[in-house]
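Some structures to go through are shown next.
The following pair of complexes shares a single chain, chain A, combined with chain B in the former and chain C in the latter.
== the complex of A and B ==
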C-alpha cells in the first residue's frame, strides 16, 4: 500500500509489538502468558509488516523457506529437550520446577521450551498467512 | 463488576446469534472480532489472564486477518453476481 502515514506508524509500532511478544514468551513461567500467546503476537506483527510493505520488502527480513527451517530446528530441539526431561529422572515428575516470581532462570526447562514454542508458532502462523494472501 | 459481566454475557449472546443472521460477510467478520474482544475481557473478569491474552491474540488478531484474506480471495469469482445474494 502506498500510504505514508501507514508506513510511518507501522515502522514505529512493529518493534513495540515484537518486544511485547518477546516479554510474554520470556516471562511465561512466572506470569500470565507463554509460548503460544507470545508467538501469535509476534506473528501478528510479521503479518502487519507483510501487509504494509509488501512481499518483496519482507523477503529481506523473513523468508518462507527460512521459516520452514526454523520450524524444523525448533521442533527437533524441543523433542530432544523434552525427551531428556522425561527420561532424565529428577527433572520431570516428582518435583516439577515451579518458578520463583522475579527470578527469570528459576523455571528449569520451561524457559527454553517456551522460546522454542514461540518460534514454531510465529513461523507457522506467518506461513499460513502467506498461503492465504495471493502473491 | 457483576453487572458489567452480566451485560457482557448478554451482549455475547446477541453477537453470536447475529453472526449467523447478518447477510453481509464482512459485517459478520467484524461482529466476530468484537465477540472475541468481549470474550477476552470476560476471561480477565473470570481470573484467567492467560486465556485472555491468547484469546485477544488469536481471536481478534490472526483469525480476523485470515477471514478477511479469505473473503478477498473469494470476491472476484462472485463479482458478476450481486454481492448480497450469499
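== the complex of A and C ==
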C-alpha cells in the first residue's frame, strides 16, 4: 500500500507492539501472559509490516524459510528442555525451582520455554498469513 | 531397570525431535536417512521394551516430577508393547519402500513435508498406544488426525485435496466428540487418569449411570469415525485410494488400528468388562461390526480401482476388530488386538504391492491386471499371499482371527454370528480370487504377455517380502501371541 501516513504510523507503532509482545513473553511466568499471547502480538506486528510495506521489504527482514528453521530450532530446544522434566522424575534429577513474584530470573525453565513458545507462535502465525496473502 | 522403563517415552520423544530436525537439511537423501534412522532407533527401543514386558510384566511410567493424579502417566502392558513393536516395524518397512516410489508420486518440494509428517505420525501413534491419561491421548489423537490428513494431501491433485478435506472434516468431528466425552467423564469423576477413573466408576457408577452411557457413546462414535466403523467410514475409500502408496499403507495399516485400540482402552480399562456389558453400546458395536464386515466386502466387489478395493477391504477388516470388541468378552478383545496385528502387516503389504502394480502397468483398474502374474511374478506372488490371509487360508493370521472369533461366538452362545463371519469370509474370496485367478491363469489372458517383462527391481520388493514373512510368522506364532496378550484382559 503506497500511503505516506500509513507508512509513518506503522514505522512508529511496530516497535511499540513488538516491545509489548516481548514484555508479555518475558513476564509470562510471574504475571498474566506467556509465550502464546506474546507471540501472537509480535506476529500481529509482523503482519502489519507485511501489509504496509509489501512482500519485498518483508522478505529482506524475515523470510519464510528462515521462519520455518526458527520454528524447528525452537521446537527442538523446547523439547530438549522439557525432556529434562519428563525424564528427570524417573532418574531423580533435581527439580527445577519455582518462581518468585516480582523476580524475572526465577521459575526455572519457564522463562526460556516461554521465549521459545513466543518464537514459534509468532513465526507460525506469520507463515500462516503469508500462505493466504497472494501477492 | 529404570533406564528401560523410560524407553517408551523416549520413543515418542526422539520421533518428535527427528521431525523438527528435517527442515535444517536441504537434500531429500539426508531427510530420508534421518527419517528411517530415527524410526530404527525407536524400533530398537521398542524391542527392548517388549523384552522387558515379556520378562517383568506390565509397568507404569510417570512423566515428569509430578505424581499420578496431576501428572501424565504411561502404561505399558503386553498389548501396548506388542502393538508399538509391530507398528514401528511396519513404519520402517513402509518408509523404506517409499524411498523408491515417493519421488514419482509427489512433487519434489513436498518430499520433506511428507517425511516430517510420517515421523510426527509415528510419534503420535505411539503416544496414543502408551498413554494412560485420556486427555493426553486426545492431544496425540489430534496430532495423528492432522498428520494423517497431511500425508493424504501431500500429493497435490484435485481428488486428493477433496478427499483430505472430507477426511479432515470427519475426523475433526470425531475429535470433538472425543473431547466432549472426556469433558463428561472429567466432570463426574474428577480424574483424567484411566486407572483412577476406573476406580471411581467402579465405586459409584449407580449415581451417574446415564452420563456414563452418554460418555461411552461419545467415545464410540468419535473413535468410530476415525477408525472407520461401518456407517462412519465414508471418508476412508477416497482418502486411501487417492493418497500416495506409502501413505495409504500407513493409514490403513496403522492409523485406523491405533484409534480402535484407544477404544478398547476406554471400554475395557476405563469402564471395565463387567460394567460395559450392562450397556447396550456393546451390542451396537457388535452389529456395526457385522455390518462393516458384510457391506465393506459387498462394496469392494463392485470396485474397479484396485486401491479402492483394498480400502473397502480395510473397512471389512476393521469390522472384525469391532466384532471382537463388541463380543464383550476378554478373549474377544484379545482377538481384536491379534487381528489388528495381523491386519497391520498384511494390509500394508497389499497396498505396497498394488502401488507397484499401478506404477509398472500405469493402470489403476483391475481388469488391466489380467495375466499380470506372468509379467511381474514376485510382486504378484506376494500380493497373492496377502490376499490369502485376507480370505482366511489356514495358518495365515486372517484365518486365525476368524477361527478364534467363531470359537468365541460358540463359547458365548451366539451361533448366528458365525454365519456373519463365514459369509464375510466368502465375500472376501469373491473379490480377491478374480484378481488372483485372472492374474495367474486363463490362457486368453496370457497372450502376448512376456514372462517377467515388467519385473520390479528386487530392492523395491524386499520390504514387501519382509512384511509377508512377518505375516506368516504372526500366523504361525498365533498361540504365543494370544498367550502373551491375554493376561492384559484378565484371562
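The definition used in the following text is that the second predicted complex is superposed on the first by the 125 of 135 C-alpha atoms of A that agree within 3 Å, B and C clash if a C-alpha of one lies under 4 Å from a C-alpha of the other, contacts with A are read in each partner's own complex, and residues count from 1 in each chain.
FYI, a residue touches a chain if its C-beta (ideal position, glycine included) is under 8 Å from a C-beta of that chain, and two chains touch if they have at least 3 such contacts.
Keep in mind that this is a model prediction, so the values were computed, not measured.
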Just checking: does A:85 make contact with chain B only, chain C only, both, or neither of them? Give me first, second, both or neither. second
Once the shared chain is lined up, is A:54 touching chain B (first), chain C (second), both, or neither of them? neither
A:68 contacts which: chain B (first), chain C (second), both, neither? second
What is the contact status of A:40 with respect to chain B (first) and chain C (second): first, second, both, or neither? first
Would you check which partner chain A:15 touches, where first means chain B only, second means chain C only, and both and neither mean what they say? neither
So which bits of chain A does chain B touch that chain C touches too? none
Show me the residue ranges of chain A that touch chain C in the complex, using the header's touch definition. 68-69, 71-73, 75-76, 79-80, 83, 85-91, 95
So in the complex, the part of chain B that touches chain A is made up of which residues? 49-50, 52-54, 57-58, 61-62, 65-66, 69-70, 73
Using the touch definition from the top, list the residues of chain A that touch chain B in their complex. 24, 32-34, 36-37, 40-41, 43-44, 47, 125, 128-129, 132-134
Which chain C residues qualify as touching chain A in the complex? 2, 5-6, 9-10, 13, 16-17, 20-24, 61-66, 71
